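Below you'll find the structures, each written out as structure tokens.
Okay, so chain A shows up in both of these, paired with chain B first and chain C after.
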Partner chain A sequence: MAIKVLNPGLLTSVQDLGRPGYFHLGIPVSGAMDRYAMRAANLLVGNEESAAGLEAVFVGPQLAFAEDAMIAVTGADMPVKIDGEIQPGWTALPVKAGQVLSFDFLTAGARIYIAVAGGIDVPVALGSRSTYPIGALGGFKGRAIARDDELPVGRPSGRAISGRGVPDDLRRENPVPVELRILPGLYDHRVTKASLDRFFDEEWKVAPEADRMGYRFRGGTPLEFNEREQPFGAGSDPSNIVDSCYPYGSVQVPGGTEPIILHRDAVSGGGYFMIGTVISADMDLIGQLQPNTPARFRRVTMEQALEARHARAAMLDRLRKALQ
Partner chain B sequence: MKPRYTFGGDEHLFVEVDEEMSLDAFFKSLSMTRIIAERAIEGVTEICPANASFQVKFDPDVVAPGALLEEVRSIEAEAGKADPVLQTRLIEIPVFYQDPWTHETLMRFRERHQDPQGTDLEYAARINGYSSVEAFIAAHSGSPWFVSMVGFVAGLPFMYQMVERGRQIQVPKYLRPRTDTPKLTVGYGGCFSCIYSVRGAGGYQMFGITPMPIFDPDQKTNYLEDFMVFFRPGDIVKFRPIDRVEYDRTVEAVAKNAFKPKIREVEFDLRAFNADIKGYNARLEGMINGD
Partner chain C sequence: MSRVEIRAPMPGVFYRKPSPDSPPFKVDGDDVAAGDVVGLIEVMKSFHEVSALEGGKSVRFLLEDADAVMAGQVIAEIEV
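What follows is the complex of A and B.
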């Protein structure tokens, strides 16, 4: 069974839950930016949560099915159409051989996740089917999907229940302005306390430069650095450090002006200081932000970060129970 | 050298071994990461060494962040006692300096450079006090380099020059990063040389290009069959300038999968190196050139 790509959309790639374990060699974690939505789509079609699906940003693809299939679309609000007829999102949908899946315009959020019963069965590379395009690794031939590609599909489990949906309270939330919780740290001692306080007080906006590598924000006041003589090897700009690892979710501020939150395909390290890290519970929210979305950064403690993590895990458990 | 401990969110412990770069900081960091790996601490999922710092990824559902911090901190003293000795590889990397491909690229991005009138090599030679590009290339290829970090993108080595600090080359990065860098460009930023493993964005000055692939996701290159990434932290690199004829010949050999990098197994002892840098480097040079 294969799915033929009639139109790839803007940028659509094969993703699963990611490729952990190779960050120390510069190979990013990759995987769905909104992993909750990816898991939900897989559960709806009876897949393992770690099965590979498609992630599409802003514009949905057009896909033709050679055989009967079960699919689900989660994530952003983007009306789903099968042979032109509108279908519900967050729901297991049967598709007949010869039918075409397409989408209307995006109304909220940024990324949709398309799961197919059996999963997209591209070869596993370093433990994952996720696409790392810069390294031409994983996914469909190491790149985003293109017109006329034929995407292989694995064997369905048969566990999917046609028409079943994710309960409303377990779907993606779409708060505006979005609030992203940050644990301060890493190199936050490089900036003045007043300047850091202001960073957390001000409203920011998602910049147009927002992709799978990182999300840039603008609109706030530039940070003020504490004076120092730059250490050997760091570089001359006060925002430079001796090149270090960049934690997943870390917030770097090159030149002190525009913060960038590093995401799934980010570079693994470099020479810009970081003021903290977005907590694990909030990383999924970022992939659903459109440019110009107002955002606030809220400072939290490790205890609060762990509480949020547990709340997120509890929500995922409820999702699993609802779709058992 | 006083390590600083901090958390990167709820999943990373970050340790800055020293603010400034030195081989001493690298070796202390290396000792600490080795001991952490040996202890196989439950909940630790990945250890990522960097130049003078490292990061430990963990699952806070398995190990409490505070408990992990205490355990890693307790390793600091033990790591300080470890001998700074490494069994490693000495690798010769052929470099075609002033090649046409990085030249075309640097001209394309000239308005993002500190010196729009010159080339990256002319600029780097001038600000480091070299009388000519040739003299600068002789310095860049004249001493060995120590791979102190692998990362940024897949398999990219950061290399630290193995000379006295006063002689180390330093250059700033581009004023604004380029959107393009040829694959296998030999670059420079801060005190580090690098080799861009893949084509893509970059901010380092561009000096030349190597015909030797260092990342192969298909694992078809004979010396990358076992693993797609060539470099490991601790590798020692010696650049050898080559001309266009040898570059073309090597590219052809790579295409036929007949190229094999020149590699020697060596023991590196930081104390012996620090005691006589010139003599130590001369011995390394002799090893890579001998048969």
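What follows is the complex of A and C.
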């Protein structure tokens, strides 16, 4: 069974839940930017949550199915069409051999996830099928999918129930303006207290450069740094530090002007100070942000971050129960 | 005579010219044929052409050069 790519969309790649364990070697975690949506799509078609599907950003692909299949599309709001007929999102949809899956314009969110019963069966690279295009690693030939590619599909489990959808309260919304919770540290002491307070008070906007490596924001006031003599090994700009590890979700502010939240395909280290780290519960939200979306950063404590993580895990458990 | 909207297929920054020193792809009042490029959208560090899906007369742009645009937003209208 294979799926033929008639049109790849803007940038569509094979992703699963990621490739953890190699970040210290400079190989990013990769995987779906919105892992909740990826898991939901897989569960709907009877796959393991870790199966590989397709992530398409802003523009959906056009795909032709060589054989009957069960599919599901989750994530952003983008009307799903099978042979031109509108179908519901967040629902297990049967596709007949010869039919074509396509999409209308995006209406909210940024990324859709397409799961196929059996999963996209590309070779596993370092424990994952996720595509890391800069490293030509994983996915379909290490790159985004292209016209005329034939994507291999694995054997379906047979557990999918045609027409079953994710309950409404378990379909995550894409609220605007978005609020992203940040645990300050490890270098927030580099910024004056007034400047740090303003960072969390002001409204920012997603910049058009935002991608899988990092989400850049602009529109806020440049940061004011506490004066210091730069230590040996740090650059002369006050936003420079002696090189350090960059956690997934960390927020660096090069030159003190435009915060960048590192995401799934991020670099693992460098010399920019980090004002804080977006909590794990909010990382999926970032994957659904269009450029120009207004955003606020809210300061939280470690306790609040852990509570949010538990709430998120509980929601995922409810999803699993709903789709058992 | 009715008006047809040309919508942005993706979000980003909308440009009416192929490069800063070039004339615009189309100016208000121009006719547009199906497939004609009417602008560029910059997103994720690359530029993507926006084409008219159908042709018409007397285009009227609703966005200025370098305006922010959301997916599905109306960029221009044409008469058909």
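Criterion: the second predicted complex is superposed on the first by the 324 of 324 C-alpha atoms of A that agree within 3 Å, B and C clash if a C-alpha of one lies under 4 Å from a C-alpha of the other, contacts with A are read in each partner's own complex, and residues count from 1 in each chain.
Here is the rule we use: a residue touches a chain if its C-beta (ideal position, glycine included) is under 8 Å from a C-beta of that chain, and two chains touch if they have at least 3 such contacts.
As the structure is a computational prediction, the values presented were derived from the model and not from experiment.
Shared-chain residue A:Leu106: touches chain C; no touch with chain B. By the document's definition of touching, neither partner reaches A:Lys81: not chain B, not chain C. Legend: residue contacts after superposition of the two complexes on their common chain; A:Tyr248 is shown touching chain B, with no touch to chain C. Legend: residue contacts after superposition of the two complexes on their common chain; A:Arg320 is shown touching neither chain B nor chain C.
Contact with chain C, but none with chain B, is seen for A:Leu11 once the two complexes are overlaid on the shared chain. In the superposed pair of complexes, A:Gly185 makes contact with chain B only, with no contact to chain C. Counting residues of chain A touched by each partner, chain B versus chain C, the larger count belongs to B. Looking at the complex, you find that chain C touches chain A at residues 7, 9-13, 42-45, 48, 68-72. Of all the residues in chain A, the ones that touch chain C in their complex are 10-11, 57-59, 105-107, 110, 208-211, 290-292. Of all residues in chain B, only 6-12, 14, 16, 18-22, 45-55, 57, 60-61, 65-66, 149-156, 158, 160, 165, 170, 172-173, 189-192, 197-198, 200, 215, 217, 228-229 touch chain A in the complex they form. Put simply, chain A touches chain B in their complex at residues 20-21, 23-27, 125-126, 132, 134-137, 142, 183, 185-186, 231-236, 240, 242-245, 247-250, 267-271, 274, 276-280, 302, 305-306, 309, 313.
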